[in-house]
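After this come two complexes, each holding subunit A, first together with subunit B and then together with subunit C.
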Partner chain A sequence: MNMNNGIPLAQASALYRPDADIGSPPVLADPQALLNAFHPDYLGSSVTKLAVGANAGDSCQRELAGLLQAEAIIDEADLAGAPVTDIDVLVIGGGGAGCAAALAAAERGARVLLVTKLRLGDSNTVMAEGGIQVAIEPDDSIQRHIEDTLRGGHDIGNPELVAAMAEDGPDVIRWLIRAGMQFEQTASGDLHTRRAGGMNAARIVHCRDYTGLEMMRVLRESVIQHRAIEVWEQSPAVELLSNEDGRKCVGAVFKSLIDGRFRMVRTHSVILATGGVGRLHLNGFPTSNHLGATGDGLVLAYRIGACLRDLDSFQYHPTGLVYPPHLSGKLVTEGVRAAGAWMLNAAGQRFVDELLPRDIVSAAILRECQEGRCVRVDDGRVGVWLDTPRLERSQPGLLERQFPKLLARFRVSGVDPRHDPLLIHPTLHYQNGGVVIDVNGATTVPGLYAVGEVAGGIHGRNRIMGNALLEIISFGRRAGVAATAQRDRGPKKVTLEHVNRARRDLTLAGIPLTQAAPQILPDYAAKGIWNR
Partner chain B sequence: MESLNTILLHPDRRIGADMERWRKAGGGQALARAAVDPAAVREAIREADLRGLGGSGFPVWRKWDAVAAESPKPDKYLVVNGNEDEPGTYKDRLLLEETPHQVIEGALVAALATGANRVVFYVNPDLALSLAALKTAIELWQASELLDLASTALGRPLELTLLPGSGHYIGGEETAAMEWIEGRFPFPRGKPPYPAQVGVHGCPTLINNVETLAQVSHIVAHGAEWFRSLGKAPGTGTKLYSLSGDVLYPAVYELPMGTTLRELIFVHGGGLLSGKPLKAVFTGGPSCTLLAPVDLDVALDFDSLRARGGSLGTGAMIVISEGTGIVKRVAEYMRFFAHSSCGQCMSCKTGTATMSLLLDRIDTGRGTAADLATLENLCAMLPGTGRCHLITGVVQLLDSSFRHFKHEYRQALR
Partner chain C sequence: MRAAYCTLNFFDFSHLTKTPMTTDGDNPQTINLTINGVAVAASAAMTLVEAAWHGGVPRVTAVSCLESVCGSCRVLLRRGKEVTVNLACQTFVEDGLEAVFLPPQPPPLHHYEISDFTDGWNIQARFHEIFPEASHCRNCHGCVLSCPKGIDVEGAIALAAAGHFRDAGEAFLECVMCELCDSACPELIAPAHVGLFCRRVTAHFHLRPPNLIYRLEEQRKEKMGLTGASHDEHE
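Showing the complex of A and B:
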């Protein structure tokens, strides 16, 4: 994206007129050709083939492949003297999916330990602004929700998983409301819904533009208040533990960011809810993700032998901010486009239908940028306009009413979205693929569950808005219930046998063991924290 | 590498339960020869210096001669011990699965040489594939003229039985096996009397490991001189080494008895994973000990290892690379032994449990110097206190880990 083309920011700002007369966007004749030419997933240079593991031979994003085929960061010797904790259900990850799983397991009488890399609630869940997709309107149905989800994912999602999620929808909302979550309501007291990109009915229920934050608020309180759930913060998982033949997951190893010590947890059910990969900055993109989204769950699951899928497919959200610099990569919710905002290139023209699926809109923005019809900031980054002033003009007061978080974010930076258009560029937002799961969140490795962004198969190659928040609660609760069903006496022996197996495979495949994974924190954040 | 897999695991012999192919490859000749002159078999075994390959290293001919000298009361038993359950050992299951006829022929030659008329194949019940192959093979034998030939030579009918073991580790001990064959829980018996005099149902009983008996037919067919020349002196013949742990190619390797540890790990095993340095090797067996990197060039045969205070055991070599916690590994072994102790001798029952408890405590960072001192005291007190060898072997393991890695125990203390 560092291209020295486009119109400088100052010049473009001066040219911008919120009242200019603009026609309809051009009709997109061949969306697939657009994706092939501009979407990073489809560029040959960003994809490679995995050489070892359960997915050997599959395509995978190049940087991610390096991490999946890397050496472990601990050895058995590191575990000498490490204290061991026994627990019924271990949940790794303190976002929405992890909390939902922990609550579901605890409601069924299990003792639960929830361990999170940073702090409870420090996750992408709180960043979700748009809302939750759930079929509740009279003209809508579960079936249409399933169809929209599958079609939006280019028809490669697992229909069984999608159906399970869509059916759970109304129940999820009921559960959240009972837990205390607030939703936007109509004058008559019904849940207010919005229609978003790629869907055939108004289906997004939301809490203004901070739905995820509100959801996390109630989940966090429920988890803290539940007596059967213990929470460890600032304890990243550095490795899973396996039984003597390395085929079953029986726990995990954590390294405290506070005192640097290793701790082992022994259990018969591990629920991975570690989220996505944004902070790996795949293909050099900025990201909307929180600091801890470094794909640790994928690495750990792959090493212990779990099957992954769609590792070459990521979602680049069309409307990531470019300017001001400190907000680079941060998200402008799709709700703004759903409410009617247009996107304009530097020449002041619409170039794509704003409500097409995210991958196509992103590819269109990247096309504008590569072909020079973009706005350039001083440091070389480029973008196109999101025309919020025009939205404000057509529906006065809308931004303040429905998008207070957006306005608050800009209040200190001298940009007012009501008067100035926002400069946007696609930002790495979501990992479409992930660990292969069944309807209970169970992976192909016994004892290991995966829920939330780390799991794959639901969104195919492209997620449509609002399904992520639904997925984390739906599958989080399913996995929490399934994990408590395991009632054996727990593992006899915990080992790192799977690490040895991975090392053997890597050596036989001729891959040098120089890189270590998981990454835990991005390089720019790790200094001084991790090496303490 | 022409020394690899020459006899027992020769590719021509790894054909499973297919009897016709086995006969075509020369199977059955040794039995025919033994039928003519059983006494010569014992002489050949003695000259070949065949040892008990199940872990003891005891000269085979001494057991055989003792059984042969007894008169049947009214039967004589031969027990083929396939209750393989040692950590890191997986050679017998391979022999039974891929070369069952070789084992059966060896057992029948031994039966002729010692006059045993009841042959019991006693196999770990968890080895489903081995059991299946052996079952098919025994059925083929019972319909073959080879068994009639052997019965005629013996002068009374030879009876072959397949008996799955109890699934207990201790069931591999020879007197425990006899208890199980008689239909009771496998508690080891006190010795003497020795099985050669009073064994299964009070009859003279010969009990040998699967690998030992598999060697017999080859000694009879090719002669003791040939067999001695296979090994690297003082070892004779070949040995199956079960290599596992942090090596690139873990597998069972048949190599000349007396091959060095270095050759086994670096030539055949492909070296250590991630190119890390070698830290230690656990030799598997009833009395497993630790070998350190200084032992790399020691010959892996019974006498050379015993001279260094170690033991070859079953030939299992569990390789540990730098970066592995010895305390954790020993604690895991101890948990296994505490679980496996049959519990009839108080010293073993409480000794293994106490040592396991203390090791767990040290391993998880809660141990004190007093715990370590207690362990050392137990090491001095316990050896030789049980009916069988288990508690002595356990102490040997702990003791050898103290000898090489005492500092790691100290480091792990609270």
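Showing the complex of A and C:
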């Protein structure tokens, strides 16, 4: 491999023809061999074994393992004089899952405090474009949704969780419509559905390609307007709090990005809704994720003793942008491929069925890039074409009608997807695994719930499109209800006993206490805000 | 061993964190501007967010999605005597530009819970109770000029005040709730929240999709045991 791989962008653009005669993609004989050879999850150098904690001995992505087996940011001395707030339910995270959990808890009479690292609504939810998976078409069923989800996840997902989510689907959409979320309709008033990768029926409902934005602004407004929900913004969680024996979660510690002060919250139920890990740039990949996606929830849950799962499995979404540079890693929704767009290598050939599961499509793109059939931009990054002009030619006006966000993002940078094919490369998009939960979102640690991307078990080793937006509302509401039902009198004493225990474990395992976690912000964005 | 990571290592974020290779002031590639009062020498084609990180501007916490859908990175821009607003992640560096990241808009003054609305016939009256300022628009265009998404905010507010909630809401499809129009409005109309209200009541009262309702009804009957043994045809 060398830096001179592929054809320079200008040359490749000149060769591109939206009306070229292109045949079918080659049949993929052995998808597993393709994954083994090219998908980062399957390459031995990207994983290691955890040495301490509830998952000792399990495989874990190397950089994530460093954070899971790191020292805490705070100790008891930091908490001296920190103000304490008592609340019924504490939600950590202000994306879709956190808002759904807060609203569900408040609807059942709990006093709720929602604390978020950045601004309420700053999340991966707001960027989600494609839609929500829900089995509502006559030729579809809840059972088929369950089967597609499990198969897409390579049959290691937890069937009980998947069934719970799929069965919740129709009611989740009703709940969202009641809250004021709009969806695309057909002429007869049905919800418009699309079929996407790994699905046996049309099952994606959507609000053009702004589904996440539409969902997030409705949820955000609902939370802001709710009388029983208090919101703290710009307040990352730096540690959980435990009871005397360090086995039960009874609150959390936050450090304000505004005044730098620590604040403690005491409660009987903590709901972690902190999202994913894209901003750790695992294996050197760019990411589609928002700036706060640094895996903080995984680190905090693991330190207090929660079981995690599938920590060596991440989703590299096939169509992350390579060009223009300021949108590097940002997503082009799978909906574009679902609508019929093909992918072409630098030789102008299709190389894989575009609607195979995401991990396989990504591996195929990485193969084209490594074997030199790619387009290279000036700074050496490479990609393949997503042929949007051909889609526009075959269905004139489609991009403007169904993908306004795609066009809007390019407006400021002089690229028009209707005329120029998009240069794409897999981008770190989603954490497939996460904290082990039951159907109520309860973790293996009493008092601690986990919902949304931070939780694991639903998507197996590969999430199919539209299940993330469904999961966050389905399990967000479930955890909100369960957390409210837990009516003990709350903690007598709050401690950092679990931090002391984790430190002892690390010392005994001979792991140096040089690294501290959670990460809070990526280093390139942390200047003057966050010094560990 | 497969050199699998050679291509991956191309994803180098050093352009965000390190000094660019061309740092001398007279290089045409270097753009000089100020961000939050700090002088920054940036590379061309950087956004204001990238330039702020690159220049080590402290305490820039209002950044999140980096693709102009979260509405967090509100900036005030001064070019000579011209003052405008925008989102930092979609604004590119320019020589002599003065940029200041704005604090978030305070929580809205208008309160309603959508579950309180049960009768669609009085929704216009409820709207004017909740947003009494919406009919006071003096057509100053401040909201239109401030919108980073090019929404005809003023026209949409007029539609909302006349009860055309569906059309008004549609105009706000691309609204990212940056609330720059709320900041700009001298009548305190809170246009972004008016727009969201319009979208929400349209869905709340009018979205009744037959295919969704049919499946919900199937599930309800199953739960009540009315379908008996045929619990699920696919099992």
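Keep in mind that, in the parts below, the second predicted complex is superposed on the first by the 527 of 532 C-alpha atoms of A that agree within 3 Å, B and C clash if a C-alpha of one lies under 4 Å from a C-alpha of the other, contacts with A are read in each partner's own complex, and residues count from 1 in each chain.
Just so we're on the same page, contacts are C-beta pairs under 8 Å (C-beta built on N, C-alpha and C of every residue); 3 or more make two chains touch, one makes a residue touch a chain.
These figures come from a predicted structure and were not determined experimentally.
Engineer: When the two structures are superposed on subunit A, do subunit B and subunit C clash or fit side by side?
Structural biologist: Partners fit side by side after overlay.
Engineer: Between subunit B (first) and subunit C (second), which, if any, makes contact with A:524: first, second, both or neither?
Structural biologist: In the superposition, A:524 touches subunit C alone.
Engineer: In the superposed model, does subunit B or subunit C contact more residues of subunit A?
Structural biologist: The partner with more contacted residues on subunit A is C.
Engineer: Have a look at where A:400 lands relative to subunit B and subunit C in the superposition and call it first, second, both or neither.
Structural biologist: After superposing on A, A:400 lies clear of both subunit B and subunit C.
Engineer: Applying the touch criterion given at the start, work out whether A:40 contacts subunit B, subunit C, both or neither, answering first, second, both or neither.
Structural biologist: Once the two structures are laid over each other on A, A:40 reaches subunit C alone.
Engineer: Looking at A:378, would you say it contacts subunit B, subunit C, both, or neither? Reply first, second, both or neither.
Structural biologist: Touch partners of A:378: none, neither subunit B nor subunit C.
Engineer: May I ask you to decide whether A:82 touches subunit B, subunit C, both, or neither, giving the answer as first, second, both or neither?
Structural biologist: first
Engineer: Just to be sure I read the superposition right, which of the two partners does A:160 touch: subunit B = first, subunit C = second, or both, or neither?
Structural biologist: After superposition on chain A, A:160 lies in contact with neither partner.
Engineer: I want to verify one number: the closest Cα approach of subunit B to subunit C after the superposition, in Å.
Structural biologist: Minimum over all C-alpha pairs: 26 Å.
Engineer: Identify the overlap between the subunit B-contacting and the subunit C-contacting residues of subunit A.
Structural biologist: No residue of subunit A touches both subunit B and subunit C.
Engineer: Along subunit C, where are the residues that touch subunit A in the complex?
Structural biologist: 2-13, 15-17, 45-47, 50, 53, 56-72, 89-90, 92, 104, 107-108, 111-115, 149, 169, 173-177, 193, 196, 199-204, 207-212, 214-216, 219, 232-235
Engineer: Can you tell me which positions in subunit B touch subunit A when the two form their complex?
Structural biologist: Interface residues on the subunit B side: 245-246, 248, 273-274, 322-325, 327-329, 332, 335, 363-366, 408, 411-412.
Engineer: Could you list, by residue number, the parts of subunit A that touch subunit B in their complex?
Structural biologist: Residue list for subunit A touching subunit B: 71, 75-77, 79-84, 492-493, 495, 500, 503-504, 507-508, 513.
Engineer: Once bound in the complex, which stretches of subunit A touch subunit C?
Structural biologist: Residues 1-3, 5, 37-38, 40, 43, 45, 118-119, 121-123, 126-127, 134-138, 141-144, 167, 170-171, 173-174, 177-183, 185, 188-191, 193, 208, 210, 212-214, 217-218, 220-222, 224-227, 233-234, 257-258, 281, 283-286, 290-292, 324-330, 366, 369-370, 379-382, 404-405, 408-409, 412, 523-525, 527-529.
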